[in-house]
């Protein structure tokens, strides 16, 4: 696979290069400029929303699919990505871990069966993480279709934990996801990149990528 | 509702009487004999397999539905209950908590999507509990359709915790159920008894009772 | 032991009567009045601060020790109790569980050794609990001598969980306490009442009661 | 610091080289031979007991302190290390994380105060880990001075979790340690190496290293 990478010198960028070994990095976007040595089939961007426009322009230029893991996107960013998806495949998610997405599916499906249970969310991340609550916590909350409180802890080097607690008068159900390392997101990005190569234009969730891997 | 109760003097029997307040206890089976002051519509038995035959005979005699929460039933006990269910409604489960049954549904549905994750079960109960692993842990294991290890802790007065841990190279998902009090099982028994009154003969799981409450 | 009980008709009052079985309840204070059939050696009050003055007056009248589990006391309430303790033994704590008090001791002693770890507190209680954070959470925070965030969850019938999470760049330590039932506080009250019988006037913490039981 | 490293090509060896950046690696022992470009002041060995004799000989030859993180040492290995410690400083531990060692101190000090609580241990590691229970779990068990059950889970890529559950009739205390990454052990090794430079011959635990850092 020939791939492009926005944010190639950042922490997540380095993880992606490590996990994408064996594939050709033909386009790099970072603080020092844009470097191109080929035509990317897919562009991966886990950086920040400031460079999203550049990623979109490059995707249009090369007809490349896009994998977007940038968090804290604005409504207008999402509109831009929707527009792009009329030309190329776009996989967008606030969390590229298989586990988180399966947790989301569980919540979407079982939240109504747990209607007599009250629920709250807890998420824990390293103290360097600036936004709170995490995009993932918001995504999980959406999946429950409830207006529930989210508690954000910022301590040490925790890669990312998310827990939802359901309780009624007599029992408690807790579902917890823990990222062991950042690598899990890079692995998800690689799967999503492969998905792009085999799909037509369109706006896809990472959940569709997971279901595709289960065929 | 006119109900009968096998094991009316035991710890669980007392919980049931407490939760069934407002209904008529017309038949009691316990260590000192069988006491009848009316015709039960349903018989509840959370005692032990030694008295199962008595419960079945009384159910046949009165055409009463049966709610069976006895654990550690043998294959032949289950056959006897199946035979009984050709005459009356029988609700049988190793665990009458809503939460545990929803956990079972989640495992049955998502275990295959988590096929790249390894899994193990942990269950913790009060040190007075003699059987290990718990019937509930075995039920949850069955739901995963995997041959996974079960770890049994027996400490203090814990009413009953069950956890399943799924992990792959980069992430962990843990689903935990905690019974806050024994009352939860008596509440489940009452719901199952109501279900019997509205259903024909047949062999039902507590899961069917839950789905019925969600109509 | 001859004991008095303030709030004898409340939920906690009933637990205390249950656990104090075998001792003589000779004085009751509740919504309908004050009922006396003897001279109490100790008065137990887990009700609310509105009736604290009555409890103090009765303690002075009978020279009875006092066990105070009322939460959300004001500074002036505490001053009143200190004054009372110049005449009789007073055991005051926001939490009468052995486990919570041992957790407090651990935090007081090890918080400084964990100085390179960041910390946050989480407490979970039944949704009927009105104050947040819990008095116990504040007590645990004090023990750490740190200014740390407290997250309060209010769901279902959870009797009371308290967790502290310490994390540095490479590791996490979590200490969790779970009350299994309200009974644990009544058991602590009984131990504290016994402590009063064997001690002179003075203001005592429940921690001193625990150390006394370990002699 | 001039240091030697036994097992320099293994997974832990690489972590150590990464964390020791800025110090001089002057001696390497690995599968392909012994490579020396200077005189080590301290030798670090987190490999396996087969090469322990080589590490000891080199330490004697250079008068270098030794940091030993090898697990599953035999009684005779420990005797050899004790003998070595009559000549040079030796820091030996089955776990070089600050958190685990603080957990050990808590257990040693509070296990007796929790005498009315029953206890069990759970440890979870990646499925590649062959020994069970972990050396760390055995070390924690020793600290409690109790004969308690240890449950070992082997799933996915979990770096290493250890939990101890204490419970009595009414409450549960759980203390959990989670390694976020292997790096934590390499950081501990660096601290222990620094400790060696400032200490005389003797056999030291990592706990003594931690107390030294807190001066």
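A, B, C and D label the chains in the order they appear, each numbered from 1.
The rule is short, and it goes like this: contacts are C-beta pairs under 8 Å (C-beta built on N, C-alpha and C of every residue); 3 or more make two chains touch, one makes a residue touch a chain.
Quick caveat: nothing in here was measured; it's all calculated off a predicted structure.
Asks: Taking all residue numbers at the subunit B to subunit C contact, is the shared part over half or under half, that is, same or different?
Replies: same
Asks: Need the most distant chain from subunit B, centre defined as the mean of C-alpha atoms.
Replies: Most distant chain from subunit B: D.
Asks: Where the centres are mean C-alpha positions, what is the separation of subunit A from subunit C, in Å?
Replies: Spacing between the chain centres: roughly 46 Å.
Asks: Can you work out the whole-Å distance between the CA centroids of subunit B and subunit C?
Replies: Measuring from centre to centre gives 37 Å for this pair.
Asks: Averaging over Cα atoms per chain, report the distance between subunit A and subunit B in Å.
Replies: 40
Asks: I need the residues of subunit D touching at least two other chains; which ones are they?
Replies: 117, 156-158, 166-172, 180-181
Asks: Any idea which subunit D residues touch subunit C in the complex?
Replies: 97-100, 102-103, 105-106, 109-110, 112-117, 166-181, 183-184, 187, 210, 214
Asks: Using the touch definition from the top, list the residues of subunit C that touch subunit A in their complex.
Replies: Spelled out, the residues of subunit C in touch with subunit A are 117-120, 122, 124, 127, 149, 151, 153-158, 165-172.
Asks: Report the residues of subunit A in contact with subunit D in the complex, numbered from low to high.
Replies: 156-159, 180-181
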